[in-house]
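For reference, the structure I am asking about is given below.
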């Protein structure tokens, strides 16, 4: 049993952490902070929790939260996490940061895509928290940089091909489509129902901040620098990311070969499901779960691999993966609290 | 641990039973039948289950299923359940029927709204399975008539007012709005995406078969015959029923009085949540859960009570309630396998 | 050809006026005002207009707009219209106000439901702009109080029954369901995509400001005061209002009688369509059009009339009706610029 | 004024033709055929038309239809059009075929992707009906092969780059996302509301029949054979296709250069709108209209052009384009009957 705090708990990511942690067999929730909603009951801000918890949001300092928690999740905007993560680490707490602040190992790249970094010395402590790739290191980490939602879908989708050097890494294209919850709960015209409903659009093509995160991790697997083209799109759904990835194959392989590669690469990983040959994933088949479903095809006419991956952006793309990391850091079963079957329809 | 069978398992109700029962701590699934999909893996028909179960659909006779099961859920069309329920009862099995075949205690009313009844002698064995009203009787039942989705929302919403005789029962109007999953998975023009999306309509106004079920149960609570006006509508969502109910108050009561009445009526019932005064339920706050949320208001200008209830039609309106009934019949904790927190957004 | 101005043109109602007026054969758009977007091209705020108009929003005083326009539409919040309508009238312009400021003839009722009224003397000039009821008066009006969206659907739906005294007016219940565009384009948590999507809820039951408007007009038709119960709901669609209305019948009538009544009451009215007996309207069958579809049923078991009406809230419920009023005021064909066939699917 | 027939008029494409043609200033609808709905009023099958037309579907032979029509639209499944197109041509009628039967000039390619062709001799008569590329030829055509929905979006999106040889044509990737109406109104599990809602998936990756159509037209513009990778996806919306297209640039160009190229290539084309630099199209900005919106970007880090195009699949992707072709064939204004402003929200 660990005492857990969620710092910045009032966004969609924070409420999803809460929803999952309330049913986690090894967790007691000791603190939820939110400046905006301080003093309000969680169930007044999110009626799903009505009758299920008496917890309220508080406006507490890191020191106050550290006193009552063993593990802290930071569900804060980029730039804010870096200001307080150190304090928790100094107090000997485990920290799982859901912002981008510790994801990029090269601080220059961070500063080029985001802003000035004010906690440079901690960056090297951080472990990029994709358990399927870094499970052992995650287990020993004190600070987890929890991956971005898009990068989770892209890295899991491409890792086997890149690691095994089956593709020309200069040819990688990632075309991703995300549900709206990824944009958060802050009111803005662009995420109003009427603006999104029955619509679909691309945005920040070639300019999205998740690009360097994908390049770092794929480059790491390839053992050389990689540049990719990344185009995110906004789907008129609440949850889900589906990424379609294209890369030119170095060699003549069949879909069956690809399927074998992926199955063996992810053998024993409880949250990656490789679709049966001939079938492709759907975001509605992972909604509400921590699964990443991956379908692999070969476009024989053009010698390209086309990979499709699907996750629930709030779970495997954020809060579920954060809990998966916590499970490993705390020595719990990797799947503890995460065995939800997807909700369909 | 009980061995459970689902007879007619390939519709949305059947797959929801399966989804919930696979995570139920006291259940082993022993048989799933489907004539159409016999021989196919469940995960080929519903990809959510991929990797989570190796179960296949079979085309088995009631006798064959009875041999391996202690409890059988019948998720069959009206008119089919009545043909096989008896065989399971004769074999000493507990039966939970999700069709309408055993819901109406007066066979003439059944035959007037549905069709000829061919298992009249069993009807009197059946217990109408709303545990909040009939918990003790449910515990001792061998045959449960699991309530319809609309009636569940309406009966729970009106029971306190009717039982306490606060309203003129001749004035009851039930205006219900349901998600599309209630219409099943059989392909038809009316439930195609393009026909439902961005649409909203009423149907079978004053003629829906769930009307006599509401009248029977409310009449029972009132101790006299009741006739209501019932108008169902189709919402462009997959899950959820919200019913808005109107009735003229006999006496001068405030919203606070109403709230007190409802809280005390449902005290100790784990799946009914009475909203805080001044707030009303939303189907998205119960989705994926077994809760029925109820909000009560008084329209002081017209002396009417206006009650709003919300359920997930596939869970509290069907499969979840069926499992709640099973829990009571089998002596399990009433909430076993049903403690999902609603999925939002 | 008239010169038209839209004062407060940047909301959904304003853009819908613009969309329709740009294709109106008798109209030239002379001014569009918006404080927030002053100086911006319309097509930067609403990309649908890209390439179709070079118009920009301006921040202009009523006097400036009056100089270039013959007719002015006020698409402003309640309380703002009353401050400037007089200036346009004094300048001899025709005014169509889409706010509630001039809809209630009894200023005490306005002040009870809204706020202090600061242009009381003009109220008596205003004509409540439902052309199906007040066509002749509209033709001679200088100031139109364009009806609210919910009242349009309810008044058209109930008018024949009330006018012909077929129902007990004390028994009227209006259960309305509206798309989200009615809530406007101002960012707020409650209208974010993720909050509305897959959800459905009632709000302001018995307390919505459109109640007195319905009561005024129905009372007028009945020739006595009327109090109704009105419960609005929020649908997860962008456009459309469907109202389901219940009232106890004074006499024994069939659905066919009702149908005849409605057909004859609305004979010659180009935008009211009475559904064939046995069929009911759907908001997706009026979307993008100025039609109000009405379906009538009799619930013989309870002696109630149940009426269902459907409109596009932005067109017949706001901008389309405003243009219909303009057409009459200016002596144009009533249907000019309004003959769009609904867009389905 | 021409007399027009729609052969196979009961699908979504047929009803959209009807909707547009009923408001076309130069058209009289002389015949609508549908075997399934023969004898039924159009408004019974599509309630949008209620009160707007008295037309009924008939089951008529090509000869009977030819007798009363000057122009015939064939809205039939692939394989059926080829059986009757000749009869209309022999009767001297203009034919616009919305199926794939006459789109591929090389019959071997048709037979490889579709089925045996039984009207080979007519193929050479057919003009591929993208007026932006083939306007003059369309004007003189007797038989139009109306383009597929996906090819329309992809060909218009890539034509300038291919024609001007700015890109490596071997590098072209087309990632398309379509609304559900493209799948037609035939009931099937895959297009039920509950299966599509809140979902998103890729299908037929590298195997979709629209691939050779894109390759034919782009190859024609390039003057050499082209092979592309094409991955279609299903969006949970009724209308709209958005295609995101990737290709490696031969030369150093800026987004501004690209924008200039596109503007000049499509100068004078009334239905192509090139988005302002820095903005990208949204399907909700073209819905209900015949526009194709195109946004162009350069991913400088990878030297790729990324093009995004958006159309309404039922209009510019089918029925609207068919009417645009008819306008040219009949000497009408190219935009006649097609000047609808998109419907938003």
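Lettered A, B, C and D in written order, each chain numbered from 1.
FYI, contacts are C-beta pairs under 8 Å (C-beta built on N, C-alpha and C of every residue); 3 or more make two chains touch, one makes a residue touch a chain.
Bear in mind that the values here come from a model prediction, so they are computed numbers and not experimental data.
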item: B-D or A-B - the one linked by more C-beta pairs in contact; value: A-B
item: Relative to chain B, chain with the most remote C-alpha centre; value: D
item: Where chain A and chain D are represented by their mean Cα positions, the distance between them in whole Å; value: 38
item: Approximate Å spacing (C-alpha centroids) for the pair chain A, chain B; value: 36
item: Averaged-CA centre spacing for the pair chain D and chain B, given as whole angstrom; value: 46
item: Multi-chain contact residues (two or more partners), chain B; value: 12, 181, 194-195, 197-198, 236-239, 281-282, 285, 287, 345
item: Residue ranges of chain C touching chain B (in the complex, touch as defined); value: 170, 173, 175, 177, 194-195, 197-203, 205-206, 227-229, 231, 233, 235-240, 242, 244, 246, 280-285, 287, 295, 297-302, 304, 306, 308, 310, 345
item: Touching residues (chain side chain C, partner chain D) in the complex; value: 12, 15, 19, 22-23, 46-52, 181, 197-198, 238-239, 273, 275-276, 279, 281-282, 285-289, 291, 293, 339-345
item: Chain D-facing residues of chain B, complex; value: 12, 180-181, 185, 187-189, 191-198, 236-238
